[in-house]
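As written, the chain order gives the labels A, B, C and D, with residue 1 at the start of each chain.
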Amino acid sequence: MSIVLASHQYGKAENRVVRVQRDSARHEIVDLNVTTTLRGDFADAYLTGDQSKVLPTDTQKNTVYAYAKQKGVASIEGYALELARHFVDDVVPVTGARVDVDAYPWTRAQVGGTGHDHTWVRSGSEVRTAAVTVSGQGERQVAHVLAGLKELTLLKSTGSQFKGFLEDEYTTLRETDDRVMATSLVATWRYGAAALEDGFDFDAAYAQIRQAVLEQFATLHSLALQQTLWHMGKAALERVPEAVEIRLLAPNKHHFDYDLERFGVQNHGEVFHADDRPYGLIQAVVANDAHPAAPEAWA
Amino acid sequence: MSIVLASHQYGKAENRVVRVQRDSARHEIVDLNVTTTLRGDFADAYLTGDQSKVLPTDTQKNTVYAYAKQKGVASIEGYALELARHFVDDVVPVTGARVDVDAYPWTRAQVGGTGHDHTWVRSGSEVRTAAVTVSGQGERQVAHVLAGLKELTLLKSTGSQFKGFLEDEYTTLRETDDRVMATSLVATWRYGAAALEDGFDFDAAYAQIRQAVLEQFATLHSLALQQTLWHMGKAALERVPEAVEIRLLAPNKHHFDYDLERFGVQNHGEVFHADDRPYGLIQAVVANDAHPAAPEAWA
Amino acid sequence: MSIVLASHQYGKAENRVVRVQRDSARHEIVDLNVTTTLRGDFADAYLTGDQSKVLPTDTQKNTVYAYAKQKGVASIEGYALELARHFVDDVVPVTGARVDVDAYPWTRAQVGGTGHDHTWVRSGSEVRTAAVTVSGQGERQVAHVLAGLKELTLLKSTGSQFKGFLEDEYTTLRETDDRVMATSLVATWRYGAAALEDGFDFDAAYAQIRQAVLEQFATLHSLALQQTLWHMGKAALERVPEAVEIRLLAPNKHHFDYDLERFGVQNHGEVFHADDRPYGLIQAVVANDAHPAAPEAWA
Amino acid sequence: MSIVLASHQYGKAENRVVRVQRDSARHEIVDLNVTTTLRGDFADAYLTGDQSKVLPTDTQKNTVYAYAKQKGVASIEGYALELARHFVDDVVPVTGARVDVDAYPWTRAQVGGTGHDHTWVRSGSEVRTAAVTVSGQGERQVAHVLAGLKELTLLKSTGSQFKGFLEDEYTTLRETDDRVMATSLVATWRYGAAALEDGFDFDAAYAQIRQAVLEQFATLHSLALQQTLWHMGKAALERVPEAVEIRLLAPNKHHFDYDLERFGVQNHGEVFHADDRPYGLIQAVVANDAHPAAPEAWA
């Protein structure tokens, strides 16, 4: 038998960058969590301990902060592209780079009915995400851009049922015509080549897909969370054609009717116990099949 | 020496109650985390294991859910008062009860420009809190109501300085005229007797104090987080005179200027590292001294 | 009405200090989370923004790290005492200081049957705690030392019952002769003056109380978690007479029998669902009444 | 363009099963977190909302608990195999199943110098893991078994250096001959076909690999975390030849020398700040190339 180093990568995780735009009295702010991952000619670092081709993760950190100023963060996708291309283009042993960005939402504090110039309130648990992968040199260089959101917590208090399911000897669940459906959605979509051309507005595309997903959750009478995911994915790709694939992961955050009849109290879908664990976990990948799959974008 | 049971209490923590108001097609929702704590004649349960005076925590849980329907949740303070009074009035061995409620914020999903009837999005990390303590029977019964908020995360990108501080041999901090100031505020205020009369609007009072606190954070040029807290507390008590004491606890979530000059890049308060730990922790109690203190309200 | 600053304090929270003793090839290590809190003449910092009496929290941080070398960490209680006394004795505006220390457990990696000289494995979720309060100057100076543990997670799979409890209209719990009892114990004890004399061995006292508590949990046939707490507290104070008061807080981490009879499978206390929330929460304070109470030690 | 459902799967996540073996007075206990995921003919649930082929996640939960009794948990790998094979063999629409198990460690409480019969203490943050994938029917059925550990937190206070690395214009890190190296290791290995034959001892193999990994961490003078990972992986596969591939993921939990010289205090690798974020993140896949790769085992 021969034991080999089959693959490897390394980087700096969770650089917490806050970038303030203060060209005028009306500031802008972005609050990011940035992770870099480098792939390339680093086998010697593992096999012999030779670090001569290894760009320290500390240097990657410095670059992450420096680029927030040097290149700015017009969009998180654009910023991640700049970083990933830098590592691949400018650091010789690097053949591929992935940059992940989480962006935390802030809204202007409302003072006297107006948004304040330089004071913000953290709004929502929701996180906007991007993941950019760049590999190869020169004309052969390929870039993939994923965008998405996570921890978008949604609940509908009616308009959801679950019935007609398969039963076996371990099935005790009762059918329901009306239940609370709640989830903490993770959605990640991949942009096709059209989005990589100059002038594509990643922020507008994000807002449109977020709204498409939200509207499906709200307006579709749900026969199952599976069905809701499919319609979310379909609506997203229809709304923004530059997005060619979307992956959805949705925990079914169970809200159980609390049995109050034991105390002579009626409960017609009014009082629920929000349970922690276990939870259903439903996944779907929806794709526009006019575009080729790109598994390497997700690695 | 004589070893004694000096004090004791028990209850059910973190009942996750979701209450849907569905009298019309336009639902309302409250999402709560409720903790009950009972005080009273329970020493035998400890000393001899005799449970005959112990109302099980499971029963407390059932009551929490049942009251969400039977009494409703017009305000979290009112709901907590109903629960606490029930335990003291109706369960013989109970001489005092505390009920803590955390309320998680949801806003209606925007669909077609309007808030949806029965679909919500979790909004903000911010949690509204209430803690009600009731003790004693009949005319001697005393109730205290605390209300508050936590995880209200605020940031201002200018308008904050820190200078002129005390120095000793371990001091290396440099003075600053302009820094990022950020915190995750915990504020808890105590209502005086006037708020316990019928018709007091706890929800309106909450909104007013929250706004007063926010405005001070935004508009005061801060000489230190200490000063900001004092003005927050003062503004809160002035805005809602029924609130007679407020306790503020504010981590100073440090945002450090990232040193980019090492790479020839200027950074005039534009790129920061948001550090996790350690953090400053500033506390203040602000009170209206026309009203007596009530340490038992905070136990 | 007159709004006043009723009280205040401030400090640096969660300094993550790792101290390596490397006088010989056989290293020793302590891994600490240290929080300092200062009380004193700081009202101007709040009321007028004057910082001239405020020792920056950054300086407190520096001191925490410096003292880990200058004074060492022979015991966490001794280290906390050194820090607290320094702030009170050496920083003029400070009239009182509290230092909290959490210590994380590591054990030597076993290599070839022996504990390794300089490699450790993090062992257990359990955290050892200390909280020292020093106030006043010179001969009037008073010091209080609390010690304790938290996240000591214990489970017994038999030897626990719960029956004979009070019932009301919301009671549905069934009595049980045999259940799983599990908790994540928080125990904090206060040492009397005898422990502050030279030569008292805080580490030995900690180990003895921890063992006393553990043995009671294991060997007492429990009629209720309340009874277990009383016996834990009593055994602790009897084992180490220098400890004069102990406060115990124990979540009842419910393990519910999973109903398998629906599938024709018997379950005699063999398969449980470990539930997250809600949980019972039981508290007790056990004291040696030969010693005066000291509520200020716990503030 | 045509939008299609490209792939999908669903299941029940985080079933918290505690299994007590009580055939004698000396109990045994396993504490598990079990997640099931089913793949198969479920497209209609997404596309049309037809649930007739969907086994509810509630049924999967019931099965997880029932099998803990019916099949037992001799090893977590064996238990996961039973569950996965059941879903594939007995539920018609299911063509593949994955079962993930986390096992939390408990050790017997020491009472009077002996391990107690039925009382345990949670020991370590470390979690043992298994992930079993079964797909296909009858003779074409294929099973893959992954095993591993996570949150194994290790630290060495000497015997680690980092120097000779690549430098660019953003590099400011200094070389070091002696540093603290710490990580919270995630290791997952794949067993080849030999381990699926009767009589293979998964528990013994786990213990051997864990020990091999630990010994490499302790005894190898580390030139970089990369090198340590390679030697860990190599040692693991050599120690247990039935393991044919191992994936290692190691955060470099930075411990920074605290600069005490500013206060005239020397610090020769004695006082460190344990930083939270960012952290290096090093990954390696080590494989025995006598065995074919099996990417589907990791999906």
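Keep in mind that, in the parts below, a residue touches a chain if its C-beta (ideal position, glycine included) is under 8 Å from a C-beta of that chain, and two chains touch if they have at least 3 such contacts.
These numbers were taken from a predicted model, which means no experiment stands behind them.
Note: the chain lying farthest from subunit C is A, by mean C-alpha position.
Between A-B and A-D, more C-beta contact pairs join the chains of A-D.
Interface matching across A-C, B-D or A-D places the copy of B-C, with more than half of contact pairs shared by residue number, at A-D.
Put simply, the C-alpha centre of subunit A and that of subunit C have 39 angstrom between them. Separating the centre of subunit A from that of subunit B, both taken as means of CA atoms, is a distance of 31 Å.
Remark: subunit A and subunit D have CA centroids separated by 24 Å (rounded to whole angstrom).
Multi-chain contact residues, meaning those touching two or more other chains, occur in subunit A at positions 15-16, 62, 66, 170, 172, 262-263, 276-277. Of all residues in subunit B, those touching subunit D in their complex are 169-170, 172, 262-263, 276-277. Of all the residues in subunit A, the ones that touch subunit B in their complex are 15-22, 27, 29, 31, 62, 65-66, 68-70, 106, 109-112, 116, 118-126, 152-159, 180, 211, 214-215, 217-219, 255, 258, 260, 262-263, 265-276.
Residues 1-16, 35, 37, 42, 45-59, 61-63, 66, 90-91, 93, 162-168, 170-173, 222-224, 226-227, 229-230, 233-234, 237-238, 241, 245, 251-252, 277-290, 293 of subunit C touch subunit B in their complex.
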